[in-house]
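Chain IDs A, B and C follow the sequence of writing; residue 1 opens each chain.
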Amino acid sequence: MDLAAKIEAVLFYRAEPVKKTELAKLLNTDQEALLEAINGLKTRLEGQGLCLLELGEELELGTAPEASGLIEQMAKEELSRELGKAALETLTLIIYQGPISRPEIDQVRGVNSSFILRNLMVRGLAERVIDEKDSRRFLYKPTLELLRHLGLEKIEELPEYEIVQQELNKFLETNKDTDGAGID
Amino acid sequence: MDLAAKIEAVLFYRAEPVKKTELAKLLNTDQEALLEAINGLKTRLEGQGLCLLELGEELELGTAPEASGLIEQMAKEELSRELGKAALETLTLIIYQGPISRPEIDQVRGVNSSFILRNLMVRGLAERVIDEKDSRRFLYKPTLELLRHLGLEKIEELPEYEIVQQELNKFLETNKDTDGAGID
Amino acid sequence: MDNFKVKVGEFEGPLDLLLNLIEKRKLHISQVSLAQVADDYVAYLKSEDEGQSMEAMANFIMVASTLMLIKSLALLPGLQLNEEEKSDISNLEDRLKQLQRVRELSLHVKERFGKDIIFTQTERAKRVTVFAPTHELIIPNLLTAIKELIKNLPKVEAIPEKVIRKVISLEEVISDLAKRVGQAMKMSFKDFVKDKADKVNIIVSFLGMLELVKQGAINIEQKAHFEDIGMESTTVGIPRY
C-alpha cells in the first residue's frame, strides 16, 4: 500500500480536516514525500466520486463537486423520509431515558443502534454530549427543538413516565455487566 | 462522472450500508448496469486506500484491510476482538449457513442460543429478518459490521465457503422433520 | 442473565460434553464410539448433578437416554427399536458430526476476527443539522413505542413443557428398557454362552449405568420403580441356567 492510499484511508476514516503535519507524523514520512503523495492522490481521484480538499495546512476527503446535485437530492430525501419503527423506538428511548449511552440503548433494544443514532442526529432530533463520568463516551439526549415540538416543558410530563423509568432502570441494572464487548 | 463514481460519492456521503435497490432508484439505473458499475468500482479501488464491502443487498465503503494497523493507531473507539466459544460457534453457523433460524442453530449446538444471539445482535455482528416463507419466525444472518471485523470485502472469501453451503444444505434437507432441542 | 445458559460443569449443552468425550478418546463419531463413551457421559453427569437446575439437567438427560439405547443396542443386537428411537439415534450422530464441522469451520472465523478490521468513517463532529420532525412524532406514538420496547425486554425463559414431559417420561424409558434388555438377553441366550465371563461383566456395567442415569435424573421420583432396576440380580443370574 503506497503513501497516497494510506492518506486516503486516514482521511476517509477521520471524516474531518486533518493537518498535514499530523499526517506526516502518523505516516512517519517527511513533508516532501507527503506533498508528492498528496498530489498523486489528487490526480488519482480525478473523475472519481471523491475529491481531496486542501485548505492551507489542512486536508479533507469529500464527495466530488460533480456529485453535488446528487448529494443534495439525497440529503433532502433523507430529511423528508419517515422515521420508521426502529428509529422512532430509539428516539423514544432517548426521550424517556436520556441522557443515555449507546451500549445502554443497544442493550434495551437488543440490536445495534449506531446508524439510527446517526440519522436521528442528522435530523436534529437527538444530540450527543460527553459523559461527565467518563469522557471517552457519549450520552444521547433529545434536542430542545424536539421537546418544544412535542410540547413538553419537562420530561416528567411524558405519560407513564415514572413506571417506564422504573422498568427500564431495573432492566439496565441487571444487565450492567453484559453490555459492550465483554460477552461470554 | 460515470456510474461507479456516483456510487462511490453516495456511499461516502451516507456512511452507512446502502441497499442496491435504493441505489438503482437514486441513480436512475437498472440492476444490471448497477452491478456492472459496482464491479467496476471494486476493480478501481484495488490497491487504493478504500474498499467496497458487499453483503447480499447491501453495500458500504470502508478502509482497505491493508490499512487496518494504521487506522487502529488512531481509533478511539473500543474495538471488539474477542469472541467466546459460544459466540464463535453461533456466528460460524450464521456465516456459513445464514439466513438460519434459531431452532436450526439450537439443533446443532444442542443448547438454547437465545442469549448468545441477542448479544451478537447488540454487538451488530448478526441481525434478524422475518422469514419470507413463514412470517412468524425469524432468520439470523451476518452483517456488514461482521464482515468489517473479519477484514473481508465479501463473505464468500472465507475458506471452504462454497463447499460448506452444499454440505449444510444437504444436512438440513435430511433433518427437516426433527425438532430436537428446537425451542421457539 | 446467567439463567439463559444451560450449563453443566464446564460444558454448554449435552452435545458439547459428548463431542468432548469422543474427541478426548480420538474417536470418529459413530454408533460404536457413542456406545463407548456412554459410561463416561453418565459418570460425568452424576459427578456434576449437585446443585444443577432441572432446566440444566433436562437437555443432558434426554441425550443420556439416547446413549443408553445405543449402548443397549451395541450389547444386544437383538433389541427391538421403534421408529422414534431409531431416528433419535441417527439424529444424535448427525448433530454431533455437524457440531464438529462447525467447530472446525469456526477456526477460519476465529483466525480473522478482529485482525484486519475494515473501518468506516467516524462520526463527523461538525455536521450541519436541520431540525426535521415527521408526523410520527406525537406523544401517543411515543407511549406506544416505549411500551412495546418494555414488553419485548428479554425475560428468563422457562423450560418448555415439551422438554419437561420428555424428561419425566425418561423414568419410564429406563424401566421399559431394563425389561426389554432382560427379554433380549433371554432371546439371545445362546450368544452368551460363548465368552461367558466378559458378557456378564458388560451387562453388569450396563445395568450399573442405568442406575447411574436414574440417580442423575435428580428431579425424578425414583422409589416406585426401584424394583425394576433390581432386575440386575435376576439378569446376572441368567447365564446360570
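Everything that follows uses one rule, which is that contacts are C-beta pairs under 8 Å (C-beta built on N, C-alpha and C of every residue); 3 or more make two chains touch, one makes a residue touch a chain.
Keep in mind the model is a prediction, meaning the values are calculated, not measured.
Chemist: With centres defined from CA atoms, tell me which chain sits nearest the overall protein centre.
Modeler: Checking distances from each chain centre to the full centroid gives B.
Chemist: Please name the chain that ends up farthest from subunit A once chain centres are defined by their CA atoms averaged.
Modeler: Computed centres place C farthest from subunit A.
Chemist: Rounded to a whole Å, what is the gap between the Cα centroids of subunit B and subunit C?
Modeler: 31
Chemist: How many Å are there between the centre of subunit A and the centre of subunit B, using C-alpha atoms for each centre?
Modeler: The computed centroid separation for subunit A versus subunit B comes out at 21 Å.
Chemist: In whole angstrom, what separates the CA-based centres of subunit A and subunit C?
Modeler: Distance between chain centres, rounded to whole Å: 45 Å.
Chemist: Touching at least two other chains at once: which residues of subunit C meet that condition?
Modeler: 1, 119-122, 124, 154
Chemist: Where in subunit A do residues touch two or more of the other chains?
Modeler: Residues 12-15, 110, 118, 178 of subunit A each touch two or more of the other chains.
Chemist: For the complex, give me every residue of subunit A touching subunit C.
Modeler: 12-16, 79-80, 82-83, 85, 88-89, 91-93, 95-96, 108-110, 118, 121-125, 143, 145-146, 149-151, 158-160, 164, 167-168, 171, 174-175, 178
Chemist: So in the complex, which bits of subunit B are touching subunit A?
Modeler: Going through subunit B, the ones touching subunit A are 1-2, 4-17, 26-27, 44, 47-50, 61, 63-64, 66-67, 70-71, 73-76, 78-82, 84-87, 116, 118-119, 121-124, 127, 143, 145.
Chemist: Where on subunit C is subunit B touching in the complex?
Modeler: Interface residues on subunit C, with respect to subunit B: 1, 4-6, 12-16, 59, 63, 87, 91, 94-95, 98-99, 101-103, 105-106, 108-110, 112-122, 124, 154, 157, 160, 162-163.
Chemist: Touching residues of subunit C toward subunit A in the complex: what are they?
Modeler: Residues in contact with subunit A: 1, 119-127, 129-134, 136-139, 141-143, 145-150, 152-154.
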